[in-house]
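Structure provided below as structure tokens; questions to follow.
Order as written gives the chain letters A, B, C and D; numbering starts at 1 within each chain.
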Amino acid sequence: MIDKTVASVEEAVAGIRDGSTVMIGGFGRAGQPVELIDALIAQGATDLTVVNNNAGNGDVGLAALLAKKRVRRILCSFPRQHDSWVFDELYRAGEIELELVPQGNLAERIRAAGAGVGAFFSPTGVGTQLAEGKEERVIDGRTYVLEYPIKADVALISARQGDRWGNLVYRETARNFGPIMAAAATTTIVQVDEIVPLGSLEPETIVTPGIFVDRVVAVGERAWTRGGDFVGGVDIEGRPLADATASREGDQ
Amino acid sequence: MIDKTVASVEEAVAGIRDGSTVMIGGFGRAGQPVELIDALIAQGATDLTVVNNNAGNGDVGLAALLAKKRVRRILCSFPRQHDSWVFDELYRAGEIELELVPQGNLAERIRAAGAGVGAFFSPTGVGTQLAEGKEERVIDGRTYVLEYPIKADVALISARQGDRWGNLVYRETARNFGPIMAAAATTTIVQVDEIVPLGSLEPETIVTPGIFVDRVVAVGERAWTRGGDFVGGVDIEGRPLADATASREGDQ
Amino acid sequence: MTTDQPTATRVSRDELAARIAADIPEGSYVNLGIGAPTLVADFLPDDLEIILHTENGMLGMGPKPAPGLVDPDLINAGKQPVTALSGAAYFHHADSFGMMRGGHLDVCVLGAFQVSQDGDLANWSTGAPGAIPAVGGAMDLAIGAKNVYVMTDLLTKTGESKLVEQCTYPLTGVGCVTRVYTDHAIFDVTPDGFAVREAFGDNTVESLAELTGLRLREAAASASSTGQGTED
Amino acid sequence: MTTDQPTATRVSRDELAARIAADIPEGSYVNLGIGAPTLVADFLPDDLEIILHTENGMLGMGPKPAPGLVDPDLINAGKQPVTALSGAAYFHHADSFGMMRGGHLDVCVLGAFQVSQDGDLANWSTGAPGAIPAVGGAMDLAIGAKNVYVMTDLLTKTGESKLVEQCTYPLTGVGCVTRVYTDHAIFDVTPDGFAVREAFGDNTVESLAELTGLRLREAAASASSTGQGTED
């Protein structure tokens, strides 16, 4: 029997080696594998290269991983946010390398890695600083730059449900980088709200087939759903609204 | 109100011009837009370039379009089948041009067209006749050949259900080339078993978003489903089994 | 440019958003960039179906949710909570940017630091030393629609024209902008530089030329409007 | 080669299919090519989960349907009717071939006209003048799995070896074959050419060398077996 489920986030992140390239899913709070990132911090792997759309917010999750100096290099499209002080400080101190990649090139380069494409010509970034030194080519009258795949040793992603074969479905815009990162990494580790019996997921609607997935761990339902249905009652970061806050918002 | 639905297959294929490149979905019988192909034959456009996995079977559908000498050139991966006599004869007589493309390169080149990729390096076909004259490059120790997008003026595809925005869902392996051809053509024309009200298709499970679709026409349920459920009673080409045939098969 | 120009008529940001909204035909697929362009959504007529794309993986984006119904899984590219309309569809990031890069969007509305008369756009970096660079989807959006509209004040806070002969800020995209909506006037980008499509209030081609320091001309009367998604 | 060799022991096609099936570990993702390789499916043990991929867009392919339950929408790459197992998933052609090209399949089993000692495969065209060329997914399959197994008779009907120093037929893929299962023996492709992993019946390295006209050696005792899908 194939069983990719594991019992705990500790087991899920076991064996991630120092020096690994680690993709981390999510765009904002949506699809961020919060529990897996915390487990990676506890696990201790260091000298990492991280691929993520951002470079961490506040003091938790990816920002906490950065604060512990576990990350040597980061590839992302948007490291500068109002609360990205951890990255900002490391960057200014020269303690972290940054490869800034336009978001669409980031996505397509990750997709290329999973799909076995050796390199591709992209129209994005042509004539800008971010294409400096890259090979250019005019094809059919339009200028493109050559972009290479981004592969990873490990992907940490979040999905709504998974089964023991590793088949996954996502929720709304939390899908974002999950499916392409799952395919681009040697070992793909997924946290799901819920593990469902094999056969529960409709074959037409599976977004990530299990072939791309190595380990699945259930971390429980998000605060804003109950029994799979959206119930709200949280802020954009997923924090339950205090009663006071809720009534203030209600007044606006 | 956006309404991409049209009332008839005649209306659906109206305006296809002589000299067009036409993509036709399907792999075997699965996903073949039978009714749209028939309508295209009746519509009369000629001097076409056709992109399809095969080059027609028997005397119907694509084979009938070929027999009427409407197709100047065909791009496909597998033109030779036990019943592809129409193509065979035209090809041997030098009356049709063939660009033979490995199936995975065909799919990826179509995908590249829809996704705005200028060209890509593929490992498929390297060192073979089908890569002769193509640019080669060694990337990360592996050899690739440069492949270019395949665009089309028109795509004719088949889906299970569609709504008035053009959102589509497919059925089983009939999905095949549909989603990528929809994105690669200037005008995408879709036949569906059934047009459903906007909002009936679950947003998580829509495979082709309406942005890629221009016209949707309902052609009625396939012979092997009833009320959307599979009922069988047909052969692999979708022809209803005669009682005699059915009982013979039952004996085997 | 100096700041002691006589104050010309300007339209408010809301008025400008309404003006852009009015130029978007029904059936268009539209991406509204982060910041001021987001305002355009508030002025799209309720009785017209215009489909909003958000590059983090959705078509058919609806307005912000009611209080208490914020869904952290349902956000726009600016990471603000949104809703889904009937007919919405979700997809992953590569499909979403492929949709853009493949030229399937009709209109994209973006902010700008500068737009050159060749349609070059600078909106991602001021090039200030020591600043943390961040590009997000800006470069993809810049090249990713049939019509790339810029929404911006004509002048910076210090009175310099954002329409320029050549961008001095780092570029986001080359020759990509098709039209610029400013608080003073609407400009088309043409092979001969900027053409004034509509001057608001007491602005004239001449006064705008003076404000921008550019050679300007009037736009041809019936320039083609925004393309439709289908080619029927 | 001549046809008057003493007849060496051969295993039947079914026996060979069973032998290949026995070499595929549980949990493997496997694509079985059109023709003889399809037979392997019949010998995969029912109590082991091995997931079959068909390049026309499905993982978790099951056996052929019961009579009267043929579903024209549910077919394999050979256009034969199949079924879907619990846990199956459908996807489009670009995703399906990306899955292959990206190296996610563990095993692919293919037929062959010829295999060279460098692992080159020829199985798509005899190069006969006037023949209609057709390649299908052959070239993608050839480079699309961690282990590419060939299933074939060792000799052609006229007694020529299909294992060769260099292919004379048009190539399907270069250096892609990892192992060849024949009716006479199993051969590994190594940097030093073919190594006999297992000789059936009265075949020996020497008799096989004579049949093929190639320098052969015995395979190292404990060559690594098929890789698993995960790296745990």
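As a working rule, a contact is a pair of C-beta atoms (placed from the backbone, for glycine too) under 8 Å apart; a residue touches a chain by one contact, two chains touch by 3 or more.
This is a predicted model, so every value here is computed, not measured.
K.L.:
Any chance you could name the chains that touch subunit A and subunit B both?
P.N.:
C, D
K.L.:
Any chance you could check whether B-C or A-C wins on number of contacting C-beta pairs?
P.N.:
Between A-C and B-C, contacts are more numerous in A-C.
K.L.:
If you average the CA atoms of subunit C and of subunit D, how many Å lie between those two points?
P.N.:
About 55 Å separates the centre of subunit C from that of subunit D.
K.L.:
CA centre of subunit A versus CA centre of subunit D: separation in Å?
P.N.:
So the centroids are 37 Å from each other.
K.L.:
How many Å are there between the centre of subunit A and the centre of subunit C, using C-alpha atoms for each centre?
P.N.:
Each chain's C-alpha centroid was found; their separation is 29 Å.
K.L.:
Counting only residues that touch at least 2 other chains, which ones in subunit C make the list?
P.N.:
Only 58, 84, 90-91, 94, 98, 100-101, 144 qualify.
K.L.:
Going by the contact rule already set, what residues in subunit A reach two or more other chains?
P.N.:
Residue numbers touching two or more other chains: 108, 111, 115-117, 122-123, 170-172, 203-204, 207.
K.L.:
Draw the chains as points, connect those that touch, then say whether the picture is a line, ring, star, complete or other.
P.N.:
Chain contacts: none of line, ring, star or complete; other.
K.L.:
Which chains are in touch, pair by pair?
P.N.:
A-B, A-C, A-D, B-C, B-D
K.L.:
Using the touch rule from the top, collect the residues of subunit D that touch subunit B in their complex.
P.N.:
Where subunit D meets subunit B, its residues are 54-58, 65, 67-75, 79-81, 84, 90-94, 96-98, 100-101, 120, 125, 130-140, 143-144, 170-174.
K.L.:
Can you list the residues on subunit C that touch subunit B in the complex?
P.N.:
26-27, 29, 49, 51, 53, 58-60, 84, 86-91, 94-95, 98-105, 144, 229-232
K.L.:
Please give the residue numbers of subunit A that touch subunit B in the complex, ascending.
P.N.:
Listed in rising order, the residues are 108, 112, 115-123, 137, 139-140, 142, 144, 148, 169-172, 202-205, 207.
K.L.:
Under the touch definition given earlier, write down the residues of subunit A that touch subunit C in their complex.
P.N.:
27-31, 77-81, 84, 87-88, 91-92, 98, 100-105, 107-108, 110-111, 122-130, 143, 170-180, 207, 222, 224, 230, 232-238, 241, 246, 249-250, 252
K.L.:
Please output the residues of subunit A touching subunit D within their complex, sorted ascending.
P.N.:
1-2, 4, 15, 111, 113-117, 163, 165, 167, 183, 186-187, 198-199, 201, 203-204, 206, 209-212, 214-215
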